[in-house]
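Pasting the structures in now, so scroll down.
Presented sequentially are two complexes of chain A, the first with chain B as partner and the second with chain C.
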Partner chain A sequence: MPVLKQLPHRRMEAWKWTDVRRAVQESDPGLLQEATPKISDLEDWDGFKKPYAGPAGDGCRLSMFHTDGTWRISVNEHTDLKKPLEITYAQPGHSSLEVNIDDGHSLILIEHYNCSEKGFSNIDIDIDLGEESELTRIIIHNDDSDHTRLQTSRIFAQNGAKLNQYMLSFGGGMSRLETRLYGEGEGIIAHMNGAYLLSGNRHADLTSFTKLDHPNCLIRQSVKGVVTDKAKGVFQGKFHVERDAQHTDAEMRHDALMLSDRAEIRSKPELEIYADDVACAHGNTIGALDDNALFYMRQRGIPMAQAKALLTEAFVASVFDDMEDDAMKASLMTQISEWLETSYGV
Partner chain B sequence: MLKINNLHAVVGEAQSQILNGISLEVPAGEVHAIMGPNGSGKSTLSYVLTGRDGYEVTEGTVELGGENLLEMEAEERAAKGLFLSFQYPLEIPGVPTMTFLKTALNAQRKARGEEEMGAPEFLKKARALAKELKIKPEMLKRPLNVGFSGGEKKRMEIFQMMMLEPSFIVMDETDSGLDVDALRIVADGVNSLRSPDRGFLIITHYQRLLDYIVPDQVHVLSAGKIAASGDADLAKTLEKEGYDKYAA
Partner chain C sequence: MTNEVKVKDSIDASTVEGVRSLEADKYKYGFDSDIEQEFAPKGLNEDIVRFISAKKEEPEWLLEWRLEAYRRWLTLEEPTWAMVDYPEIDFQDMYYYASPVKKEGPKSLDEVDPEILEIYNKLGISLKEQEVLAGVEGAPKVAVDAVFDSVSVVTTFKDELAKHGVIFCSFSEAVKDHPELVRKYMGSVVPVTDNYYATLNNAVFSDGSFVYIPPGVRCPMELSTYFRMNAQGTGQFERTLIIADKGSYVSYLEGCTAPMRDENQLHAAIVEIIVHDDAEVKYSTVQNWWPGDSEGNGGVYNFVTKRADCRGKNSKVSWTQVETGSAVTWKYPSCILRGDDSQGEFYSIAITNGHQQADTGTKMIHLGKNTKSRVISKGISAGKSNSTYRGLVSAHRKATGARNFTQCDSLLIGNDCGAHTVPYIESDTPTAQFEHEATTSKLSDDQLFYCRQRGLSEEDAVALLVNGFCREVLQELPMEFAVEAQKLVAISLEGSVG
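Moving on to the complex of A and B:
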């Protein structure tokens, strides 16, 4: 099948605001090739590239058609290293990754998506979270404004597993970062926060799907967006709570600032609930900076651009408030400040 | 110091005429009060002076220290030393009070071509003033005015005023929402700033504040114009007789 036909497009409901097929041309670098990720200290994690058992066919993930194997990382009693695993995807192309965290072990995974050239990238990730295991995942995305990026993670969580995910996206030409969390056990705790800051003609789509099949899970999700110029932000979030997932406590928020008339935000928070004893909520706001607050700040001598930057930074920062790693948090905040300085001309 | 001459202004998209030719001069070292009934243009005057968007001057001039204020942006006016104590101070979520104030102070200094104030000097000054105004140190770490009571917000305005040391201060209904103790703290703060090179314009509905901050002159604003001027006794007469005499 020609690769363009394999790409999602706007007539598919889940992709109506992120028309990948239209953004990609057959000549785009990376479309038909494999990309090699840069993985820190691969051997320390028993990391290797595992060949596929058979040829790709119907139902296979896109990366399988264009790669000859999947990178595999294991966290177990030998490799629970208490240091972050850092993976950088800077080349156009396809790549596949599997991470397996054994029962009771933990991992800090830092993913960088920063391709500085025109092209196409598609990264498929599968993560298995064993019982009582813990994953802290930090995702930083900043591609070239002519780069198209798909990144789809499936996370399978067993009893008592814990996920802390922080995503910061400055977008790309067209991009979709998708997290699919499958609760396969009881008492799963997941915090999934993110922010997107987009200028120029950039596009970022933060989509998530959380499916819970078992009781007593706690989910907190907060995504903040800032769009200016002609940029486009997309948020789609869904909680799917099955009949057996009683006492689910799940909250989803998306709040965005639209700072120019030509910027665009598309948002779709969804709940699909079959259990009768749950607390599930979602909220969604889109607004502008508060003129009264801006005047107040200017009256105190803070120039307009700086006042806007301060208010925006405060708005976005809250999604990273509970990060445990102060150095990492500071690094994210620095990147946000730099974006604000450039975009607002501070 | 502050010279307002024949000031006319309209507000909002409807272009409603609110100020109808105010003329007023506040020399350095003096405190002038502006009193007037609701809707007389008191708050509009404070916003026109400080350069808020949506308030358009159609006629007249305003000078501060010989410079044309009306040509400056709001932040430039602040850097020139103009300070407004707001009737309803804004809450600024997510921006700690100290960060806000240090940013403001150093932005003003930068605009004036002065050296920025370093963190140790700033902290020392802030702590000392907070103590004087009975502001708890933990309040300075919290986002500005978020969750503060009406009285705390007004005290925070005085704190900012004392930190920024402006040369001309406009106070818009600073006494509203204050109990007697808070009023005294605020008044003490203001009185401590009175000096030969600083001017004040105190906008108030009631005479009460003027018992604590005694003005050099009192002006009555009615229908966007100064209807009468006099010494501090005028305020007492107004308190007794009301504004009916000056109604448009």
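Moving on to the complex of A and C:
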């Protein structure tokens, strides 16, 4: 099948606001090739590239058609290194990654998506979280404004597994970062926070899907967006709570700021609930900066641009508040400040 | 004074009767009436479309309209995106036209077949009594258009309304008597090919109500249409067109019921509302089509397209709906807020029980400046049912200062049902302020315990709590309907406890 035909398009309900097929041209670098990720200290993690057992066919993930194997990282008693694993995707192309965290072990995974050239990238990631294991995942995305990026991760969590995810996206030409969390055990705790800051003609789509099959899970999700110029921000979130997932406590929030007349926000916070003894909520707000707060700050001598930057920074920063790694948090905040300075001309 | 007491007596009596009938049967409107009727041949083709048009003695342009719609319908596909699941509908296996046999169109109530009047009596719509009470001071007046299967059998209070310049008649009469208004507005809110079921309706629509409120007139009474699906194997395809001219006001009520049958009957209606400058329309529905039996057999498929166009500045539309019936509901009453400062409201309670499925919600499309909308939706699922809120709120680039507040809450009673929320939010202007909240929960054990401790049975306690949950919506209903709706909330949940 021609690769363009394999790409999702706006007539598919889940892709109506992110029309990948229209954004990609056949000549785009990366469309038919494999990308090699840069993985820090690969050998320390028993990392290697595992060839596929058979050829790609119907129902296979897109990357499988264009790569000859999947990168595999294991965290177990020998490789629980208490240091972050960093993976950088800077080349256009397809890539596949599997991460396996054994029962009771933990990992800090930092993913960089920063391709500085026009092209197409598609990264498929599968993560297995063993019982009582813990994953802290930090995703930083800043592609070239002509780059199209798909990144889909599936996380399979067992009893008592814990996930902390922080995503910061500055977008690309068109991008979709999708997290699919499958709760396959009881008592899973997941915090999935994210922020997108978009300028120019950039597009970022932060989509998530959380399916819970077992009781006593706690999910907290908060995504904040800032769009200016002609940028377009998309948030799609869904909690799917099956009949047996009683006592689920799940909350989803999406708040977006629009800073220009030509910017666009699309949002779809969805709930699909089959269990009766649960508390599930979602909230969504879209608006501009508070005029009163701006006036107050200007009255105290803060220039307009700086006042806007300060308010925006405070708005976005909250999603990274509970990050444990202070250095990492500072690094994210610096990137946000730099973006604000450029966008507001402070 | 005495007259007022009389009226109150009658309301109380019907309430008492209603409650009594609850004990006997869950669905009190499920009786079958043996009325002599004539049908179009079964199935759907161009000849049937011509047959319906000829039966209604329609002008050529309307026949062409129907045929064009029919041809377009053949090219469309049935939508599958809603969270509802039902066996494929055989569109050739139903009657598209059924009407009570009549000699001449009745000029007044006295000429209406007494058997039909009796049916409406049984439904709690006493057409005759209403007319008689017309002279009684203080009696609540509601003008009723009674639509029985494919035709409107009678419209009450026409003359009194005419004195105020209000036109309230069946759609077929409007086509004959006010073709200029019908041609100007029909299809201007819901285009012929808007969606699969709307297109089908355009081809085979039978009857419905037509309302025109002239400039500056506040309609002196509530207008109401009562839809009754009676004949076996028929679909009902009515359309309603309401035009509120500048500065006018009307409150419109819609009720619907159908007999209990083990077949699935199709109801695909269109409601179009046009609101000009400074006018206001309040549209309330108590939808109580036969929902099917407890095993999920039979019931009405309710696939309805309702849309209001706030064309004028400062215009306002308010949709209030209580959805308790139908096996499958697919319905999104919407507002196009085109005029500057126009307002749209949507208050909804959707209650599903047994094997019912409801996918309902609204669209608020903000096009004009400083437009406001408010959405309050309460979904209650019990038994093995599923209820979905699906809504769109969008602001066009020019809709500066648009405001929306949406709140949708779902309540689950029992562990075999589902409650879902699918909101779409699209904003193209930074000055729009959109807020959306949704929660899903179950009835609190503490509250139930508290009620039971004070001597309420479990069922009464659930009904009380659910009524409290729905209060925001119920209080938007006109008085006569609010009583009815509160009873319905209790009926639909009967048997859900324990």
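Criterion: the second predicted complex is superposed on the first by the 346 of 346 C-alpha atoms of A that agree within 3 Å, B and C clash if a C-alpha of one lies under 4 Å from a C-alpha of the other, contacts with A are read in each partner's own complex, and residues count from 1 in each chain.
Throughout what follows, contacts are C-beta pairs under 8 Å (C-beta built on N, C-alpha and C of every residue); 3 or more make two chains touch, one makes a residue touch a chain.
This one's a predicted model, so the numbers in the text were calculated from it and none came from an experiment.
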{"item": "Chain B versus chain C as contact partner of A:I302, first or second or both or neither", "value": "first"}
{"item": "Which superposed partner A:A263 touches (first chain B, second chain C, both, neither)", "value": "second"}
{"item": "Touched partner set for A:M333, first chain B, second chain C, both or neither", "value": "neither"}
{"item": "Touching partner for A:D277 - first (chain B), second (chain C), both, neither", "value": "second"}
{"item": "Partner chain(s) touched by A:L4 [first = chain B, second = chain C, both, neither]", "value": "neither"}
{"item": "Comparison of chain B and chain C by chain A residues contacted", "value": "C"}
{"item": "Chain B versus chain C as contact partner of A:T285, first or second or both or neither", "value": "second"}
{"item": "Contacts of A:S318 with chain B and chain C, given as first, second, both or neither", "value": "first"}
{"item": "Complex contact set, residues of chain C against chain A", "value": "81, 83, 397, 410, 412-442"}
{"item": "Interfacial residue positions of chain A with respect to chain B in the complex", "value": "290-293, 295-304, 306, 310-311, 313-315, 317-318"}
{"item": "Touching residues on chain B, where the partner in the complex is chain A", "value": "50-53, 73-75, 77-79, 83-84, 86, 89-95, 99-101, 103-105, 107-108, 111, 143, 160, 164"}
{"item": "Parts of chain A lying in touch with chain C, wherever the complex brings them together", "value": "13, 243, 246, 256, 258-288"}
